[in-house]
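Two complexes, one shared chain (chain A), two partners (chain B, chain C).
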Partner chain A sequence: MASDWRRYARTLRRFWGTALAGQLEYQLNLLIELLAMVGNLAGSLFVLSLFYGNSSGGAGTGLGGWSWPEAMVVLGVYTLLDGVSSTLLRPNLSRIVTHVQEGTLDFVLLKPIDSQFWLSARTVSPAGLPEIAVGLALMLGAGLKAGTRLDATTLALVAVLLLSSTLILYALWFLLATTSIWFVKTWNATEVLRAALAAGRYPITAYPAGLRTLFTLVLPVAFLTTVPAEAVLGRVSGPWALASLGVAAGFLLLSRAFWRFALRFYTSASS
Partner chain B sequence: MNRRWPRALAPELARGLRIARVLLVTQYAYMLEYRAEIALWALSGVLPFIMLGVWSAALTGGGGAAGLGLGLSQAELARYFLGAFIARQFTVVWVVWAFEEDSVAGRLSPYLLQPLQPLWRYVAAHLAEQATRLPFVVVIAALFFLQQPAAFALPSPARLLLALPAIWMAFAIHFLLQSLIAILCFWSERAQALERLLFIPYLFLSGLVAPLAAFPPGVRQVAFLTPFPYMIGFPAQLLAGLEVPIASSFAAMAGWIALLLPLTALAWRAGVRRYTAMGG
Partner chain C sequence: MVARGLGKTYRVADKQPGLGGTLRHFLRRRHRDVPAVTDVSFTIQPGEIVGFLGPNGAGKTTTLKMLTGLIHPTAGSATVAGYTPHRRQRGFLTAITLVMGQKQQLIWDLPPLDSLRVNAAVYGLDDSEAKRRIDELAEMLELGEELTRPVRKLSLGQRMKAELMAALLHRPAVLFLDEPSLGLDVNAQARVRQFLVDYNRRTGATVLLTSHYMADITALCPRVLLIHGGRLFYDGRLARLSERLAPWRQVRLELAQPLPAETFHPYGELESLDGAAVRLLIPRQQLTEAVARLLNELPVLDLEVSDPPIEELIGRLFRKGVVA
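Presenting the complex of A and B:
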């Protein structure tokens, strides 16, 4: 068991080392990513400020009872998750459909390593790293302004809940990508998912009741950004934190079971 | 002299119409094959509906209409964002991806040999794709009104007649802007990344995420110096039946097209001169 873990860790280091070396060749791309990140963040902050009477003074309770710095914490969590998905999720998961389409999934399945692990962790892109850094900075800065106390419990809780939201995002995405085993054409279903997840830019209470239910029970946007943001602000309740972990574990197990199930129907590209 | 001119022009015109018809019919048949994907693409334009949720909750809750400076009722707000959704659906442009794929795969060379400017082929593909989208957009709009019966109102015939050319002109502006980036593929294979940068001002200044009335005056003035507010906000306001300066907006759109069209043509000519097919 222990040697198994070591083997996967070693493989991961090789995967990411080679991927980074390859990507750093394209420095112009990194510059463009950096500019895009700054532009996107400025635009998001601007739109957010529209709900606070254009003064950004923090007086109003513009969005669902969240003050200006509190709402910025949510945006920080969103930016962080977006960075994680451009670094880890998108480069890997958007390739699954290509593997199915071109039949190269055969080669993946033949490798002496877990296929879900290979497909999910084969590569890494530095493009999202600035976004991760800015997201963390925004969470910290806005959190301190909103009165966050930086103690060990808060930090641990935030770390756990951020991990949990990353896992939820990963599992949702992988579930959708898995359907390409049957319907090759569903690859842009992941675009629909990404578009809907943009709802995570705002706290869940900023939505009308119907959408709030939808974003909690059907598409767990609430667990992606609002719950970790509440942890940053030191006011997450026990049940919500536990629910987040439960949802993450549930979706993760589901994605695993669904992948195994889907592979039974995989008949390679030419047949 | 006077009598020769129409006769010389008529065959040209007939040829143009024939080419247009053939291109549109074949592209439509092609796009119909991909209707499942196009339905998903249509669904991936949900952003205006998400933003409607945030704006309408902010309108009823917190500051109220005055605080947000919108001057819109709930029903008007709902119709505005539905209009933004529809305007976006019929002005989506993907020429930079198609062009890059064609030039990398070497399909561009035969196109260049044909006696037809290759960009027309992409125009036809976009129009055919919009025709394929139409039924899905109608279904989504119907569902929207079922869900929000209070907001139900169809645009008046006069407004609809204005909205159609407004959407087409918005499409033309978007297409020309993205074509300029696509043409940069002749110089750099990574031109596509630049499209990400174009998308940012488009996203925030077009009215897709917030009606421009909500912007602070200074930002709004700057936004109207760019083509972006005319690409979503203006057609959306026409469709929603809101008050909007019609003549000056159409004039501004015509101005942008008059500026971008020759620019695109010039860039194309310079680009083709640099073109040395893949592997050449």
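Presenting the complex of A and C:
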């Protein structure tokens, strides 16, 4: 068991080492990705500032009952999660479709290593790292401005909830990517997920009741951004954090079970 | 390696061509069950090199995929290196390898060495062991500085050799090779072939190989499996296959002057007629008599009897779709 952990850790190091080396072959591409990230963030800030008239206030009724700095916390969490997906989730999970299309999934399945691990951790894109940093700064900075006390308990709670958010997002994405075993190229489901996640830029209460239900129950967008933001603002209790971890674990297990089920139907692209 | 009554049936969409057909298919999907492989059974001893022959669509790749555990058989069972392939247990996966001539596992933008290091980690080889094996394989395959050049800048032959390295780094006991020499020039093909012979001799690995190039098969495989229409219909020595496929022999004639094609019909089947040079196929039982009559009745300058080349026999077989 211990040696297996070491083997996976070593493999991950090699995975990411080669991924970085591969991307350094194309510096321009890396630069463009960074610029796109900056543009995205500026756009979000601009839209939010429109809602609040000017950014100096914070007293107004705001968006769905959230003040300007509070809404900024949500945007911070969103940016952080988006950074995580640009760094880890998108580069890996969007490749699954290609693997199925080109039949290179065969090579993954023939390796004595967990195929879900391989497909989920094969590569890493540093272009998303600044976004993570900006998101973190925005989240904490806006939290302080909103008057929250960032003590150890709050930070631990935030960390746990962010972890669950990331895991839920990952599991959902992986579930959708798994369907490519059946639908191959006709269906790039992950784009739908990205669009839905974009709804998490703004506090969940800013949306009409119908959408709010959809984002809470059907697609857990509320879980992904609003709940961690509430934790930053000190409005979430311990049991909530545990519940979110439970939900995350549930989604993870579901994604594993579904992947194993899907493999039974994999026929591998013919030569 | 044992296959017992192995079978695979695919469900495929039954779709008429054209927009109308597409729409109808979209609204009401109809499927047909197509048997790709039916009742294939054989046993391969450790250390054997076996050629797996058959025309496109005969079921070779499907069988290989069942033996490597990539797809579940719909009938029968297989045992490879003591394991049931489709369970894909770790012991099984470290005991086998699959090389596919038309798919590659090397990282395109990086030198092969990087891909090899990834594989070393995946298979749990430590650095010194990995280096030893890389050096050994590189020497056998005559690869040197190519290993530090990005894969996209390698020639097809060099890339295939590097693919072989990546596939063999974990010293598998069973090799599945699906068209390993596809697209390679004659020299590169010969080198890959020589390497496989050396590798088999050195490690005692079992090899199951499919190839479109008969030269690969004749040079490597004393034993062949022939599959056609998803069914196995020959399993035995390559040399005996020609008797089985061709109960006739080839007779070449050099005539004093050209004669019309009809002249040869009484003697045997006319294969080719090029001026005064004639090639005939004559059933083995009638050979002596036919040759005697040819020499008596026609102005023959030279006559030569031989076995028809195996490529031709197999090609004929696949074209006509029948066994003699």
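Rule of thumb we're sticking to: the second predicted complex is superposed on the first by the 258 of 271 C-alpha atoms of A that agree within 3 Å, B and C clash if a C-alpha of one lies under 4 Å from a C-alpha of the other, contacts with A are read in each partner's own complex, and residues count from 1 in each chain.
To be clear about the criterion, a contact is a pair of C-beta atoms (placed from the backbone, for glycine too) under 8 Å apart; a residue touches a chain by one contact, two chains touch by 3 or more.
The shown structure was predicted, so the numbers you read here are calculated from the model rather than taken from an experiment.
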| query | Taking chain A as the common reference for superposition, should the pair chain B and chain C be classed as clashing or as fitting? | reply | fit
| task | Pick one for A:3: touches chain B only (first), chain C only (second), both, or neither. | result | second
| task | Kindly classify A:261 by the partners it touches after superposition: chain B alone (first), chain C alone (second), both, or neither? | result | neither
| task | Scan A:36 for contacts with chain B and chain C and give back first, second, both or neither. | result | first
| Taking the superposition as given, does A:15 touch the first partner, chain B, the second, chain C, both, or neither? | second
| request: Counting touched residues of chain A, say whether chain B or chain C comes out ahead. | output: B
| First (chain B), second (chain C), both or neither touched by A:111 | second
| request: Go through the superposed model and pick first if A:182 touches only chain B, second if only chain C, both, or neither. | output: neither
| Contacts of A:47 with chain B and chain C, given as first, second, both or neither | first
| Which partner does A:207 contact after superposing on A: first (chain B), second (chain C), both, neither? | first
| On the overlay, how many Å separate the closest CA atoms of chain B and chain C? | 7
| request: Starting from the residues of chain A touching chain B, keep only those that also touch chain C in the other complex, and list them. | output: 26
| request: Spell out the part of chain B that touches chain A in their complex, as residue ranges. | output: 34, 36-37, 40-41, 43-47, 50, 53-54, 56-58, 61-63, 67-69, 190, 193-194, 196-197, 200-201, 203-204, 209-210, 214-216, 219
| Across the complex, what residues on chain A touch chain C? | 3, 7, 10-11, 13-15, 17-18, 21-22, 25-26, 102-104, 106-107, 109-113, 264, 266-268, 270-271
| message | Going by the contact rule set out above, which residues of chain A touch chain B in the complex? | response | 26, 28-29, 32-33, 35-36, 39-40, 43, 46-47, 50-51, 53-54, 60-64, 185-186, 188-189, 191-192, 194-196, 198-199, 202, 206-208, 211
| remark: Interface with chain A, chain C side, in the complex: residues 10, 61, 65, 68-72, 88, 90, 93-94, 96-98, 100, 102-105, 107, 109-110, 114-115, 117-124, 150, 178-179
